[in-house]
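Before we start, here is the structure in question, set down as C-alpha cells.
By written order: A, B, C and D. Residues from 1 in each chain.
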Amino acid sequence: MKFRGVVPPVVTPLTADGALDVVSFERSINRMIDAGVDGLFVLGSSGEVVFSDDARRREVIENAVRIVAGRVPVMVGIIDMTTKRCIEHARVAQELGADAIVATAPFYAILGPKEIKRHFRLIHEAVDLPMFAYDIPVCVHVKLSPALILELAREGVLAGVKDSSGDDVSFRFLTQARDEEGLDLALLTGHEVVVDGAYMSHADGSVPGLANVDPVVYVEQWRAYQAGDWDRVRELQDQATRLMRIVQVTNGEVGYAAGVGAFKTALMLLGVFETNTMPEPVLALEGENVEAVAQVLRSSGLLK
Amino acid sequence: MKFRGVVPPVVTPLTADGALDVVSFERSINRMIDAGVDGLFVLGSSGEVVFSDDARRREVIENAVRIVAGRVPVMVGIIDMTTKRCIEHARVAQELGADAIVATAPFYAILGPKEIKRHFRLIHEAVDLPMFAYDIPVCVHVKLSPALILELAREGVLAGVKDSSGDDVSFRFLTQARDEEGLDLALLTGHEVVVDGAYMSHADGSVPGLANVDPVVYVEQWRAYQAGDWDRVRELQDQATRLMRIVQVTNGEVGYAAGVGAFKTALMLLGVFETNTMPEPVLALEGENVEAVAQVLRSSGLLK
Amino acid sequence: MKFRGVVPPVVTPLTADGALDVVSFERSINRMIDAGVDGLFVLGSSGEVVFSDDARRREVIENAVRIVAGRVPVMVGIIDMTTKRCIEHARVAQELGADAIVATAPFYAILGPKEIKRHFRLIHEAVDLPMFAYDIPVCVHVKLSPALILELAREGVLAGVKDSSGDDVSFRFLTQARDEEGLDLALLTGHEVVVDGAYMSHADGSVPGLANVDPVVYVEQWRAYQAGDWDRVRELQDQATRLMRIVQVTNGEVGYAAGVGAFKTALMLLGVFETNTMPEPVLALEGENVEAVAQVLRSSGLLK
Amino acid sequence: MKFRGVVPPVVTPLTADGALDVVSFERSINRMIDAGVDGLFVLGSSGEVVFSDDARRREVIENAVRIVAGRVPVMVGIIDMTTKRCIEHARVAQELGADAIVATAPFYAILGPKEIKRHFRLIHEAVDLPMFAYDIPVCVHVKLSPALILELAREGVLAGVKDSSGDDVSFRFLTQARDEEGLDLALLTGHEVVVDGAYMSHADGSVPGLANVDPVVYVEQWRAYQAGDWDRVRELQDQATRLMRIVQVTNGEVGYAAGVGAFKTALMLLGVFETNTMPEPVLALEGENVEAVAQVLRSSGLLK
C-alpha cells in the first residue's frame, strides 16, 4: 500500500504581502522529508486550499511536485463546493503530477447520500488518480458513514479516507469492516492528538498538521508502531500532545486563526517560515499570542 | 431605496446536457419582469451558484444583464468559500454590469466575527457596487448577528441583507434597530412561505424562489402591502404557501434536489423551461415525483 | 375554542430564600387577568418547571387554581424527561383542577418519532384533560414535525400546540394543513417578538413570556387582530419588541439567566415581585444588569 | 484510587409488565462481579435513569447495594434536569449506601458555565459522597470543557469523570493536564468501542454498556492493560467491537430503542434476563430484530 505512514498536510507559507513563499515552502517540505515522512498532502484544510484561487492552487502543486521530486507521494486536495469545480481541480492535479487526490463531499448546497456518492463517482471517472475521501464534518457539515465509504471502496472509487471526523467510534467500525472484507482502502487519521488510539484502531497512518512543526515525533511514532512498541507510541503521543497546546494558548482567536495561525507562528519561530502571514480575511498572530506559542515551543525543547 | 419589493432569485435553466439554456432563461426572466418584479437576483443559492464554474457564472451574468436591459436592477451572487475568490467574482460582476453584489460570510474554514467583518470590508473596498449580506446559516453554518450587520451598515460596507436565516425573531430586532438608527439598509426576506410576517416585521421586500414559478402572487402581495391591505397580503401568502408544497410532495429526495428540483420541474411543466435538468451531482426529478409537482400546480390553478 | 387569545406563561416569583412567594404570585396573576388575558400557563419553561421538585409543582398549581378561581382557563406544564413522570405530573394537575396540560416530547434519551407519538398517546390515555404539545427544540432538541402533530390531532390526542420552535415556515405549513383538514387544534405561538407574524400565519393566540411584564400590550394586540386592525397589531408588536430588549441588555449572562432573569428583574422593578430571586443554580441579576433592565422599562414608559 | 478499572453501567431488567425484575438484576450483577469487574454504575443512561420515577430509582439502588454487598463499589446516577432534584436523588443514594454519585450538567434549561459549576458545587455540598461528572453531550447538549472539569477537580468537587462525550481529542488534553497537575481525578471512558485508545490516552478505566453482555472481554482487556500487553488490549477490543454490532443490525429502530434495546435482547437471549422489555414509551425489539441480535451473538461465540 502506497499511501500509509505519516503524511503531513503541508502548511502553505506566505510572504508578508500574501504571495507564496517558495523558499520557505521548499525548506519546510525538505525538513519533513528529511525527517522521514511517508508522503505529503498539499492543499488540505490547513494548506489553505479554500483561501486559494486557481492560480495559487496551481502554484502550490507545481512547486510541491518539483520540490518533492518523487521522494514521497504527493496527495493534492481538490476541495471545492461541488462536482464541476472539483473535477477541474482534479484534472489540474493530474496534469501537474499529483500521485493522488483528496476530495470532500459537496458542501454549501444541502445534498443527500445519493448525491454525495454520485459526486465521488463522477470525480473518479474524470481522472486517473487514486482518490481519498476527506471526512471533515466540522467544515463540510456532513459525516461520511462507514456504509457509504465501504460502498465506494468496493467500486474502486475510493482508495482511502482521511478521517478528520472526530468520530473515533465510527472509525473503529470502519477499519474493522474494511479488514473483514479485505478491501484495499487506506484509512488515515487527521487527529494529531490521538494518533496512538487511531493506530490501536488499525489506522494505516496519520495526517497530522502538527507534523509541520515537529515531523520527527510522528515519524518515530509510526516506526514504533511498526515495531510493535506501544509504550513508545504512547510516549511520543504524549510529547506531541504537549506541543499541540500551541493551538490553545492564544487569546481572542478562534478556529482557523488559532489553529493554523499557531502552526505558522511556530514555523516562523523555528526559522522554517519567514513570516506567519495568514490568508485574507485572517490576520497573523501578534504580540502576546506569538510569545505564548514560543513558550510552548520552549517547554517542548524545540526552541531555545 | 433602489433594492426593495420583490426580487426573485433566478433559477438557472439547463439543457439536457447541462449547458445554460439561454432561451428558457430569457423566457423566465421576461415572464418575471412582465409580472412586475422589482429586481432580479442571479447566481443565488437556487440559481445554482455553487454548482457553477467561472465560465458559467460569467455566462449567467452576461445573459441576465443583456436580457434585463436595465428594466430592473440585477443583483449578482458572488458566493464562494473565502475572500479572494469572492473578490474575483465581484470584479467580474461589476465588469459585466451588475447593479449590486450579494455575499455570504466565508464558509468551510471556521472563522470568527472578526474575520467575517474583515471579509465583507475587503470585498467592499475591491468594487464599486452596493453589497448585500446573504444570511443563510443552513448553508454557511454561521448566523450573522444583528450587531455585526448593523456595524457594517454604519460603515457603509453593507447596503442590505438577504435574510434566509429562518430566525424571524432576530430579523425583527434587526429591522427595529435599523429604523431607530435611521440606517440605509435594505432588509429582504428569503422565506417565501412567511413573507406577510416579514412585511409585518418591516421588511423592505422579499427574495422568493417560488416567484420563479408564480411571480404574480408575490408582486400582488407587495402591492397590497404598499396599499396597506393586510388581509389581501395574507390571502396571497396563503395562496403562495399552498403552491410551495411542490417542495414537499416528492419522495426519496432531500434538500436541493427536492427544493430547486421542484422549482425546475414546475417551470418545465408550465412551459417556461425546456427541461428540469439539475446540475451535477444532482439528478432531475422523474416519474411520480414530476406528477406530484404537477398535481400541486393543477390544484393551484397554474396548470390545466 | 377555549384555548385561544393571550395565554401568558406565568413567571414564578420566589422569596429571597427560594420559597414560592405566594403574595407576589397572586399580584402578578391578578394583574394579568385584570389586563384581560384569555388564559394562564403555569409551570412552563419560564415558569421554572424543570427547576421545581414535586412539592413545588404542586404548590404552584394549587395556588394558581385558587387565585385564578375560574376566571380564565389554567394550563399546566407537565414537563419531564419521559412518559412515566409526565403521567405522574399530569395526574396531579388533573387532581388539582387544571383545565389543560402541556407536554414536550421526551428528552435526554434519544428517541424517534415512533416513541414520541407513543409518549403523547400514553399521557392522553392517563388523564381526562386536553393536551397541548410544547414544541421547543432549543430545550428538547427535537422538532415536532407538522405530520406528527397532525396525526396526533386527528386521533384526538392533541388539542393544540404551543410553538416555541422558532420555525415560522413550518408553523405556516401547519396552520394551513390544520385549516384545510378542519381539525380542532389550537395553534399558539410562544415567540413574543413576532406575534403579529404568527397572527398573519393564522395562529389562534400567543403565549408570550413578556406578557408577565406588560400584559396590556399583548391583550390589545389580540383585540386589534380580532377587529382586523393590522396596522395596530403591528404597532403594538413594535412596542412589545422594544420592551423585549430587557433580555438583551445584560452583560455576562446567557440563556435562562438573561431571559427569565430579566423578566423577574423587571417585575421586581415594577413592584409586582418582591425579589428577582432565581432558582438554583441560577443567580439573580445584580447591579448594572438591574439598571440596564430599568432603563429599558423607563424608555418604554412602564417605569418612571 | 477506588474508582478505576471496568465499571459497567448496569442495564435494568424489567418484567413483562414493566416492574423491576429483581431476579434477573441479581443474576446480571453477580455475573459481572464474578467476571471480575471493578465497580458497578446503576441508574446511568443505559440503566434507564430518566425513565424511572423516584420509587423505581430507590428500588434499583436498594437492590443493587444489597446484591453487591460491598464486593465492589456502587456508583449511582442522580441524573435530573436541575440542581434541586439532583440533590434529592443524591441524598437518597447516600442514605441507601451508594459509594459515589454521578451527575450531568443541568439540561433542558439553557445555562452557561457559571451555572454548571454552581450546580456541581451545590450537589457536592449537599452530600458526603465522591461525585463523578457525566459528560454526555448527546443527551445533555453541552460539552464539559477540560478547563471546567479541572477547576472543579482542584476544588475537590469532582472525584472523576465518566466521559461519553465522543471527543477523544478533548479527553487526551484532559488526562494530560490532570497528570501534569497531579490531580486526584478518575477519568473513565464510556465508549466501549475504543477503550484501547482511551487506555492509550491514560484513562483510568472504562464504563462499557456492552460489558453487561460480555463482562469478560472488558475485564481481560483491563488486566492486559495493567500488564502492559497492548497487543492483547487491542485484540480484545477488536473482539468487543465485533460484538457491539448488536446495536447496528436492527431495522426501523434508532437511539435508545436500538442501543439499550439490543443490550436487553442479547441479555435475554443469553438467559441473563427473562425479557427484553423496555421502559415506556420504548417498545422491545421483536421478530427479525431479535434474530439479528442473535446472529451477532452466535458469530461472537456467546450463543450456540
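Methods note: a residue touches a chain if its C-beta (ideal position, glycine included) is under 8 Å from a C-beta of that chain, and two chains touch if they have at least 3 such contacts.
Please read these numbers as outputs of a predicted model, since none were measured by experiment.
Asker: How short can a path of touching chains from chain A to chain D be, counted in steps?
Answerer: 1
Asker: Look at all chain centres (mean of CA atoms) and spot the one farthest from the centre of chain D.
Answerer: Result for the farthest chain: B.
Asker: Please tell me the distance, in whole Å, between the geometric centres of chain C and chain D computed from their C-alpha atoms.
Answerer: 36
Asker: If you average the Cα atoms of chain B and of chain D to get two centres, how far apart are those centres in Å?
Answerer: 49
Asker: Indicate the residues of chain A shared as contacts by at least two other chains.
Answerer: Within chain A, no residue contacts more than one other chain.
Asker: Under the definition above, what is the set of chain C residues touching chain B in their complex?
Answerer: 166-169, 172-173, 176, 191, 193-194, 196-198, 200-201, 228, 230-231, 233-234, 237-238, 241-242, 245, 248
Asker: Going by the contact rule at the top, pick out the chain B residues touching chain A in the complex.
Answerer: Residues 45, 50-53, 56, 79-85, 88, 106-112, 114-116, 118-119, 122, 138-141, 253-257, 279-283 of chain B touch chain A in their complex.
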